[in-house]
Amino acid sequence: MDFIVQLAIYSAIASIAAVSLNYVVGFTGIMSISHASFYGIGAYGTALLLTKTGLSFVPALLLGVLITGLVAAFASVPILRLREDSLMLVSVGFALIIHSLMLNWQSLTNGPRGVKSIPRPEIFGISLTDKNFYLVLCLVLLVLTIIIFYKITKSPYGTVIKGIRENEEVMKNYGYNVSKYKHSVFVLGAIFAGLAGGLFASYIQYISPESFILLPSVFMLIMVILGGMGSIGGSIIGAILITVIPELMRFAGLPSSFAAESNQIVYGIILFALMYWRPQGLFGKYKI
Amino acid sequence: MFQVLVNGIIVGGIYALITIGFNLIYSAVRFYHLAYGAVGILGAYLTYQIQKFIFETQGGGLITGFLFGLLISSIVTGMLGILIWKFLYRPLRKNGASNVSMIVASFGLLIILQNLIGLIFGQSAKTIRLSEVTTQGYEFLSASITKNQILILIVTLVSVFVFELFLHRTKIGTAIRAVGQNSQLAAVVGVKTEKVIYITFFIASFLSVLASSLIALEISLKPTYGLMLILKVIVASIIGGIGSMRGALVGGLMLGVAENFGAYYFGSQWQDTVAFGLLVIFLLVRPQGLFKK
Amino acid sequence: MNKQKHILLATMLTVVVALVLGGCSTKVANLSQEKIKLGYVGPLTGDLASIGNDEKRAIQLALTASGRTDIEVIFEDSHCNGQAGSNAAQKLVNVDQVQLIMGAGCSDATLAMLPIIQQGQVVLFSSLSTSPELTKVGGEYFFRNAPSDDKATEVLAKLIKNKKIALVSENNDFGQAFLNDLKVKLAEFDTTPVADEIFNTGTTDYKTILQKVKESKAEVLAVISNSPVSNGLVIKQAKELGLEMAYYGTDSIAGSEFSDTAQDAAEGVYAILVAANTADDRVNKLLQLYENTYLEGPASDAYTVLSYDRMNIVLKAIDAVGYDAEAIRNYLHTINYDGLAGYTSFDENGDSSILPLVLRFEDGELVPVQQ
Amino acid sequence: MSLLQIKNISKSFDGLKALHNLSFNVNDGEIVGVIGPNGAGKSTLFNAIMNHINKDSGDIYFDGINITKKPTHQIAGMGIVRTFQDSQPLPQISVQENLDLAFKYQTDISLVSVFGRHKFLQEEQQVHFTKIKELLHEVGLGSKLNVQAQDLSYGQGKLLEMLKVIASDARLILLDEPFSGLFPEMIKLVTKLIYDLSASGKTILLVEHNMQLIEEICDRVIVMDAGQKIADGDFKTVTKQQNVIDSYLGK
């Protein structure tokens, strides 16, 4: 059933992004809304390398992820100087600036017409045109992401970043270089968002600035909040629910005259209700 | 060149009007009421509906229809503002929600309101107009201003002036500022904070309808304008100093002028980048904005 | 911790079950009713929602007019975005097993759907996407009765060549593709525009751009945008600024949304557009039928007419060769259908023979102009 | 040679002189009390030492090294730890995690060591866990190992803060009103912990209002008023000085 395989692929990609966002927001308390921009940079990086240079898939993806990491390193300097609501706002500003760069830097990104016919990946000779192989690739990378973040958050390093989430001043008093940790968390989170973006670009084979505007950042945040702050399993469940439910709504046979708007209203209600009943989300342990 | 400045000031005037309401709410309840943009647009749709009703069925003039519509919808939306606080936000605050989760909840409310407007009034654009014919503007000093723009400028200046008086001269005004500074302290001194917050939400929603209806004269009405407006308001409010009235006025004007000059020199596709670039610069250099310590 | 493990497993289970159930339930329904299922994917939300709704309503009007009860159209929303568009197409192809999909508005969704269409070997018939790039990339299963923009740019270039031209274009796939194509055509007539301004989708205040246009002393202002509201606002604000010049707009100008926004400012505006030719009384009958059924005029007459034609062409094809993508594809290459938009036939790339007309707003009505 | 030297540091917040030409020394192994009426600048002093706030003038030396301008985490890294006035442990993490954060890891906690030298980290953590169990049992909090710190009572929270100070093994300990709001038997427990710390050679700077405790615990006392040092000596002589009495009774 290609439809279900495609949904599984989109869920896996969304899960990688959600887990990395949870690492930044849920574990370390950095309320960044610019995660979709790094997802977009990873997508554009990989897509442009694949279409414009002769690079094959694996180097293009790795290079795309590297570029995302570099941009994140630069962006983290201004963004991480702030906290809580002002950090949220500056990350929104950053996301919008990145989007308008994608839109207007026509010579590089071909502007609003996006990047077309991105070749399907070829790894060690197997061409991944067949969806099932692509799903295997996504699941392998998802499992890898889970292992990496599980290892980090269960180690003393994880305790330190959770401490930073609770109270930065106290952590400084115990000798932890708080800004160093926050920068490395922000950049690592962005790298995995770039990875998810690269996978998305080579699967859907066409990307344009529209898919990386503000709303995907918000959807990623909903995935993490719904799933649960500070719980890797929770953010995967959140990612699957947010990716799959709207597609299932297509079967609900709602008269499409208001199906579209009601979809969005459901998101609004989810957000509001969560903040009221379970700010820490389904499986989370930490209330934002 | 002068024309660009004029455009900037007029658009800035509208941003200022809405930001005043937004800052008022922030100073009373200390969080970003993101759904505020959608509340204003909902009010503007009401004005449109009432004007259409008066113009088409009661045979009243366009302008009387507009003013009458404006009055009714401002009051109705003002009530709605109070209900939103009473039944949606207050329970959240009582539940011990942090600022960040209040912002996330208010964003959820923005999405709900915006799509409800889409459902009720439909997706296609609606226009509010004051005259049958598109009248050419008045020329002075090589800049032309349309009638609508003059009306907007007058209403903005009047409401800012009235508002400053209200806030600093009347008892309720000082009460609102007291609650803003420190609500526990205000309560101890005997200020009925609950009542004051109701009044604040009423006035702010009233102002947002006023401003959104004025904007509708210029750019017609679409359900998605709520998000667009609130993003501009946040930038203006941060530049001016979150929560300060004078800051709202200056922040709004600065944003309007910066956007227009950005559009003039870099091209209009860079307009948003200029606005948000300004936001990022202010958040880094002077997070408390121009008018706050 | 294990309590959370249970919740985790429970949710995983419900999701999988829902998916499987969702998948096969429609399959079962499909077999029992033997109805011919057609698909539609288009922008039912977002900026082009009003035009997407026009398309949908035109299809429903054509279907009721034909009296066919054995045909059902499943409407899916593409949200004007790649991922949603590809999911919608994948669902229609796989779950509902449609042989033909009407739709594809924004390039985003169209280009994301193409790989699925080509793999599923299903016909994609669009009346909204006009981007010239689709001619090459479309593939053998892609048809459209909306003319590709390079035809519209040809007509427009001839009209405004060697004049002082100001171009104001929307920063989206339609606007930039049309703009670049037009500039190439104008260069052939060695005319270069005196002003070239781009605005972002959703911009509402054009006064500053128009100030630059005024300073460029252009004789002609060409507005390139597929959103009726933007077209309306640019022209209204230009008139308010007292810009005395000839105005040219593209096909989204015909319709209530543009005339509501521009009102009397629309007077004298030239439109290069397709099919909303009010001289043909079948077009007027359709627009009247639309207004009676939905109590409001269509947001864009042109796309309503094209979508109406499309439905009738599809009905004609199914009657002729049955409901099979392969057969329909071959049949469409041979058809020459006398539609409301004029005689429609398709070349090897699936582009239609319909040529855009030049019309002019005269006291609220769009009247054809003889070149 | 004294461990901590404060050399006429001043700090004023737009006009209000929080600290004014304050100078004093603390010798290795001493327990020094800092007393004075509310608003005398005691907490500001701690903030100044840890460089939470930058000073207008003056210098601070620790173990002979100038730490006036060093970032807070480096000052802490040199072996100084402080508690905040009525600070509570980090709320939404467990008691065990709170204490584990206070311990000094030899292997640098970084991504490299999480993947590269995982074994070393793991071993050190196990050592810390055993110590943590002992510490908790000592004060009767043994059952609270995996409880979220926010679920502890106020008193238990204060006790946990003291245990974190012990776990940090810092040479200089700045205690900001560790006894405020505690029941008598809790006060005995905290006093015992302070004595243990002093016995193991730690130097303690104690801000406290409870005069009996100051007299009982401190070797020497510094009295502050309006940001200035007005007395420095043993408890008996200092409390007899006229200016000290006036500052408490208010001029």
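Worth pointing out:
To keep things simple, chains are lettered A, B, C and D as they appear, and every chain counts its residues starting from 1.
In this section, contacts are C-beta pairs under 8 Å (C-beta built on N, C-alpha and C of every residue); 3 or more make two chains touch, one makes a residue touch a chain.
Just so we're clear, the structure is a prediction, and the values are computed from it rather than from any experiment.
Each chain gets a centre from the mean of its Cα atoms; for chain B and chain C, those two points are 35 Å apart. Centroid to centroid, with C-alpha atoms defining each point, chain A and chain B lie 32 Å apart. Chain B and chain D have centres, each the mean of its CA atoms, that are 49 Å apart. Among the residues of chain C, those touching two or more other chains are numbered 45, 49, 53, 171, 198, 200.
Each of residues 118, 269, 272 in chain B touches at least two other chains. Counting partner chains per residue, chain A shows two or more touched chains at residues 100, 103-104, 261, 264, 287.
The touch graph of these protein chains has some other shape, matching none of line, ring, star or complete. Under the contact rule stated at the top, the pairs of chains that touch are A-B, A-C, A-D, B-C. The touching residues of chain D, counted against chain A in their complex, run 50, 52, 71-74, 76-77, 81-82, 84, 87, 90-93, 97, 100-102, 104-105, 109-111, 113-115, 118, 121, 124-125, 164, 168.
Put simply, chain B touches chain C in their complex at residues 3-4, 7, 11, 118, 122-127, 129, 132-137, 139, 144, 146, 215, 218-220, 222, 224-225, 228, 260, 263-264, 267-269, 271-272. For chain A in complex with chain B, the residues that touch the partner chain are 31, 78, 81-82, 84-86, 88-90, 92-94, 96-97, 100-101, 103-104, 218, 221, 225, 258, 261-262, 264-265, 267-272, 275-276, 279, 287-288.
Chain C makes touch with chain A in their complex at residues 4, 7-8, 11-12, 15, 18-20, 22-23, 25-26, 44-45, 49, 53, 56, 75-77, 79-84, 86-88, 90-91, 93-95, 106-108, 111-112, 114-115, 131, 133, 137, 171-173, 175-177, 198, 200. Across the complex, chain B is touched by residues 45, 47, 49-50, 53, 171, 197-200, 202-209, 211-212, 228-229, 232-233, 236, 239-242, 256-257, 260-261, 263-265, 296, 299 of chain C.
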